[in-house]
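Look at the two complexes coming up: chain A is in both, with chain B in one and chain C in the other.
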Partner chain A sequence: MIRFVARRLVGMAAVLFAVSVIVFVVFMVLPKQNPAQSLAGKNATPLLVKNIEEEWGFDESLPKQYLTMMEKVFTGELIQYEPRLPVSDRIVEGIPATFSLTIGAAAIWLFFGLLLGYLSAIRAGGWLDRILTGVSIAGISVPVFLLAPVLIYVFANKLEILPNGQYVPFSEDPAEWLKHLVLPWVTLAVLSIGFYSRVLRSNMLDVMNEDYVRTARAKGLSERQVMTRHVLRNSLIPVITLFGLDFGATIAGTAIITEAIFDIDGVGNYAAEAVAKFELPPIMGVALYGAFFVVLMNTIVDIVYAYLDPRVRLGETASG
Partner chain B sequence: MSTEPSAERGPWSLALRRFLRNRLAVAFLGLFVLIVVFVLAAPLWADHVADTGPNQEHTVEQITVDGEKKDVVSVEGKPIGPQWFGAGGKFFLGADSRLGRDEMVRLMYGGRTSLLVGISAALLATLLAIALGLLAGYFGGWVDSLIARTLDVIWSLPVFLIGLAVGIALAVGGLKLGPLELSSGSLWNPILIISIFTVPYIARPIRGEVLSLSQKEFVEAAIAQGASPARVMFTEILPNLASTVIVFFTLMIANSMLFEAGLSFLGAGVQPPNSSWGTMITVGVELLRIQPLLAILPGLMIMLTVLSLNVVGDALRDALDPRGKARLDAALQFEAQAGATRPVGEASLS
Partner chain C sequence: MSEPLLSVQDLRVGFATEEGVVQAVDGVSFDLRPSEVVAIVGESGSGKSVTAQTIIGLTRANNARIEGSVKLGAVELTSADDAEMRKLRGERIAMVFQDPMTSFNPVYRLGDQIVEAIRAHRPDTSKRAGKERVVELFEAVGIPNAERRVDDYPHEFSGGMRQRAMIAMALAREPEVLIADEPTTALDVTIQAQILGLIEQLNRERNLATILITHDLGVVAEVADRVLVMYAGKVVEEGTLDEIFYDPQHPYTWGLLGSLTRLDRPRPHRLPQIAGSPPSLLELPEGCPFRPRCPHEFSKCTQYPGLEARLADSPAHRDRCWLTPEEKRGKRQVEGQIGLEAPR
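So, the complex of A and B:
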């Protein structure tokens, strides 16, 4: 176990190092334009550009520049220039909204994904299975940038029963918090509900053919007990790993688009606004901190998984 | 498989027959072909029906609809809605924004960009993956370790987030890498980003297959006959990768198109004056309340294209590998890891 954890931690360090090098190279080395000019923003004064050049040490060697960048990132001195604010402050401000969105959506997709998957597996081949399969495929196929506008148009603009976005902190008004998050949650959850129900269904169908399921039936357990205690439990393990990975990927992916469409003041929207304004420091910050968070999450999931399932830490793991 | 395959029933024609028997897949292939024809017809529609270009603005113009004069953009800045054939095909789907550009023309040209970027990125990623997979799988040793570790690292990255960062960095400053120089608005920027970050999804299964193929007797026989590594790789191993490559290439186009749409929607992908379905959604969302079709149509086009590619890709997998299951693991990982830009790969799960 210790060897496995050590190996995962080394892997994590390698990935984090790669992330920081990619960000460094892409922002500082590759661009044709002077990086200080890019960092300063479109309407920067020559004085500001010159200051940034000195601050970031763009006349130094590349390894030195890399260290300067990393120092800024770790000490919270990465700064956006219009208006002049530390990037880390803005990211911390956005975390409650982003977590409200992603955790709520994850709870919804896990619940409905597993429910639909279970129902369709125990009725495999029947009409319920066929309907649920159709629903899942439809869910998987709708990209967020189609689903979100449709939901906003129908529920906010036409029926006017839900707000069209924005975020109300839970501490201010829990009811409004919920109302404002319903559509974003659904948007983010639909794709994964479809996907998870398919994964659980196929896992359960595989497990149903195992010898221990036959044994369970043979010793006289009820069908219900066989399904929940033996089939469902054993089918859940891969789903839970998938969930750990997906949760990170959602935070670093679809959540950004969802936040942008629904104008939710989270970390993703901060990045999206910076992209629209061609502001580089916030994007550097979100990419680095976001990647750190996601990679950390994935490593924790791997370790927990290995702790739960000894086969993983003994053999080659699927997630490498 | 019979031990004596008859002359006219080679593996490819058998696969084709199996594919054609899947009516759903054939229908979706037809849909994809229709979409391609639709975007290829863009100049025809623009020149002969709509009589305007994708970026041509009509801010203060009027058109005659059934003998009645109408503003393309109203005084309050509201664009005209769909006219269908009321104005002889002009503004068939209305105008796009207060700039008064023809939505139908933009939808066709935008689709060209989306498909072009998607196909080019998938092609580039596939070629790169074949090269890496062949090198790693055939040579093994440190070459394999190096390539496999690099792929693992890219695999573990939150690719959409990093892609977004790279996209905006290139959109601001352009790219200068030795002889390769790209301007900030070049379509090559999103193509390169997408292909590099999606390489592992296809390189990993290919490497695995090369590894197992290079243990096979026919490869050993070729080596024993004195064939050079290049010859073994290209004439012995490569042809056997064909079915994997075809399946993954199809799925990768869908995946790349979603990636592009996400980047472009946020403004880090395709840059003006080019537009794609992704950038059109950004414009359309602003006017969701008054002209919902402007945001929904490009989204719908993306969905239909991606869905048809995924269904076709899965049917190809079933047709080319009838004993199935062989590549299920790879496909599952492919989907699990793609995250934001996850392809469907439905049949692999059922």
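So, the complex of A and C:
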């Protein structure tokens, strides 16, 4: 198992290296425009462009340029030029808000997705299953940019029980933190609740036909034991994979729309701003930040998967 | 003769499907006495597995209609509620399934799965006591290095060892009845012999009454005391092992016996088989369902005879064929041995 984890971590480092090279190539090498000009921004003075050219060493070889870029990324010297601020500072500032949003939403969607999926599966074909299927499909079908305004209209404008956006740090006021996040959480979670409940339901219906479920019944387990220990346990394995990937993707980007609608000052909002103003340094920084979390979650999924399904572990030791 | 341990009377199991009711089991009756091995033999779709699974209540479903009676001692199983049924499973009747590859949950250790079976009935069993019991059971069924192997996962066992573990699990609560549903079908021939040897040994040493479901008369010959031959949901012949092997009365049984490949006989120029395939249970032919495949069919076969003793000296040997015993003795000889000739 230790060996398995070590291999996965090495793999993770390799993927991150590849991603950083791609970021370098896409932003620095491929565009026809002078990269210093792009970095400096639309309204930069010729002097600033000249300075950046020297600072980034754009007259050097490409590998040297790559190393310079990576050095800047790791030492926090990747800087946006109007206003002049280190990109890493802005990302670090945005992380509490983004993580509050994504982790909370993920907990909600995982809990309700699995609950609805489980109830649907054990009552497959019954009226409860039909209602839950309808609810799930509705959840999957509603786009975030429609759901969010409707929620804001109902709960913030009409009922006035929840604020319509913005972020209050947990350290300042936990109650306000919670109140401000409820609507964004729901907005971000609804689609996944529907999706996860459908996936779990269909996995469980497949697993129910497995021979080992019949064995579990034959040895005298109660229906609930059969369902939770055998059917649910085995059906969760693919769901966990999905969850890891989705969670990584949410941190890395899906949260952008929600952050923008609710005016939450997180990393997503920063990325949206940067794209709107076409500021290259923040775009590069956020791309690397996003890639890091996607790859990290992938690695965690692999490790958890091996823990949940012993056959994966065997495959690893046997082949290497 | 001792009292039967398990008594199946006129068991009928039908499943409602979109095309109509499939009568998978149609009036099966038999008794299982203590320490007896009863084999139920037939092709796929003959109803043998459904019979076995109905006994332990695994065919209960919304679309299933179960009639008749299955009595374990004084307990009527067909009308027992799910909780009663659950208490019997593993505790009084245990089951071994066909495919040991897929019959264990791949994500749990084998030992834990067997401890789970013990704790289903004795929730107060400690993990340690449970594990000790599993080691004992593994030793009893001939799994080497039992101490170490209880912590293995199913994929770390070979097929034969997995089937031994399956049997160990069935024995965990010392049941009175073991139902083995095609226990050797998924295994290599050499391993088959070992597993059958194990079943026979358990039957002998623990007086474990056994119902053995199989399509292979070779398997039956190894261990069975009595044999039921099933075709299209009905028993077409029943008798002791010797009666079935040396004086088979039903042409279908002849066909099954004739299809056995035997090393002590001259090699046939092609492997014998029963022509055709079993009928659809939705469209059974009128009369004897074996009629379309039977070379000895005649005018009376449009009516299905009852399961009756037709031999004066063996009242427990019963069959469903209109031919007289004398006719049968003449017709079942094919190339000097029992078999079913190709249809005309």
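Keep in mind that, in the parts below, the second predicted complex is superposed on the first by the 297 of 320 C-alpha atoms of A that agree within 3 Å, B and C clash if a C-alpha of one lies under 4 Å from a C-alpha of the other, contacts with A are read in each partner's own complex, and residues count from 1 in each chain.
Operating definition for what follows: contacts are C-beta pairs under 8 Å (C-beta built on N, C-alpha and C of every residue); 3 or more make two chains touch, one makes a residue touch a chain.
Everything quoted here is computed from the prediction, not taken from an experiment.
Undergrad: Which holds for A:Ala287: it touches chain B only (first), chain C only (second), both, or neither?
TA: first
Undergrad: So, does A:Pro63 touch the first partner chain B, the second partner chain C, both, or neither?
TA: In the superposed model, A:Pro63 contacts neither chain B nor chain C.
Undergrad: Residues of chain A touched: more by chain B or chain C?
TA: The larger set of chain A residues in touch belongs to B.
Undergrad: Of the partners chain B and chain C, which touch A:Pro83 in the superposed model: first, second, both, neither?
TA: neither
Undergrad: Which partner does A:Asp309 reach: the first (chain B), the second (chain C), both, or neither?
TA: Only chain C; A:Asp309 stays clear of chain B.
Undergrad: Determine, under the contact definition given at the top, whether A:Asp211 touches first (chain B), second (chain C), both, or neither.
TA: second
Undergrad: Output check: A:Phe278 vs chain B and chain C. Expected answer is one of first, second, both, neither. What do you get?
TA: So A:Phe278 only meets chain B here.
Undergrad: Which of the two partners, first being chain B and second being chain C, lies in contact with A:Arg229: first, second, both, or neither?
TA: second
Undergrad: Classify the contacts of A:Pro149 with the two partner chains as first (chain B alone), second (chain C alone), both, or neither.
TA: first
Undergrad: In the complex of these two chains, what residues of chain C are touching chain A?
TA: 56, 58, 82, 86-91, 94-95, 97, 99, 102-107, 116-117, 120-121, 153, 155-156, 166, 169, 172-173
Undergrad: Per the contact definition, I'd like the list of chain A residues that touch chain C in the complex.
TA: Listed in rising order, the residues of chain A that touch chain C are 210-212, 214-223, 225, 229-230, 233-234, 237, 308-311, 314.
Undergrad: Which residues of chain A touch chain B in the complex?
TA: Touch residues, chain A against chain B: 11, 14-15, 18-19, 22-23, 26-27, 30-33, 35, 38, 133, 137, 140-143, 145-146, 149-150, 152-153, 157, 191, 195, 198-199, 201-202, 242, 245-246, 248-250, 252-254, 256-257, 260-261, 271-272, 274-276, 278, 280, 283-284, 286-287, 290-291, 294-295, 298, 318, 320.
Undergrad: Which chain B residues qualify as touching chain A in the complex?
TA: Within the complex, chain B contacts chain A at residues 149, 152-158, 160-162, 164-166, 168-177, 181, 184, 258, 261-262, 265-268, 278, 281, 284-285, 288-289, 292, 295-296, 299-300, 302-303, 306-307, 310, 329, 332-333, 335-337, 339-342, 344, 346, 349-350.
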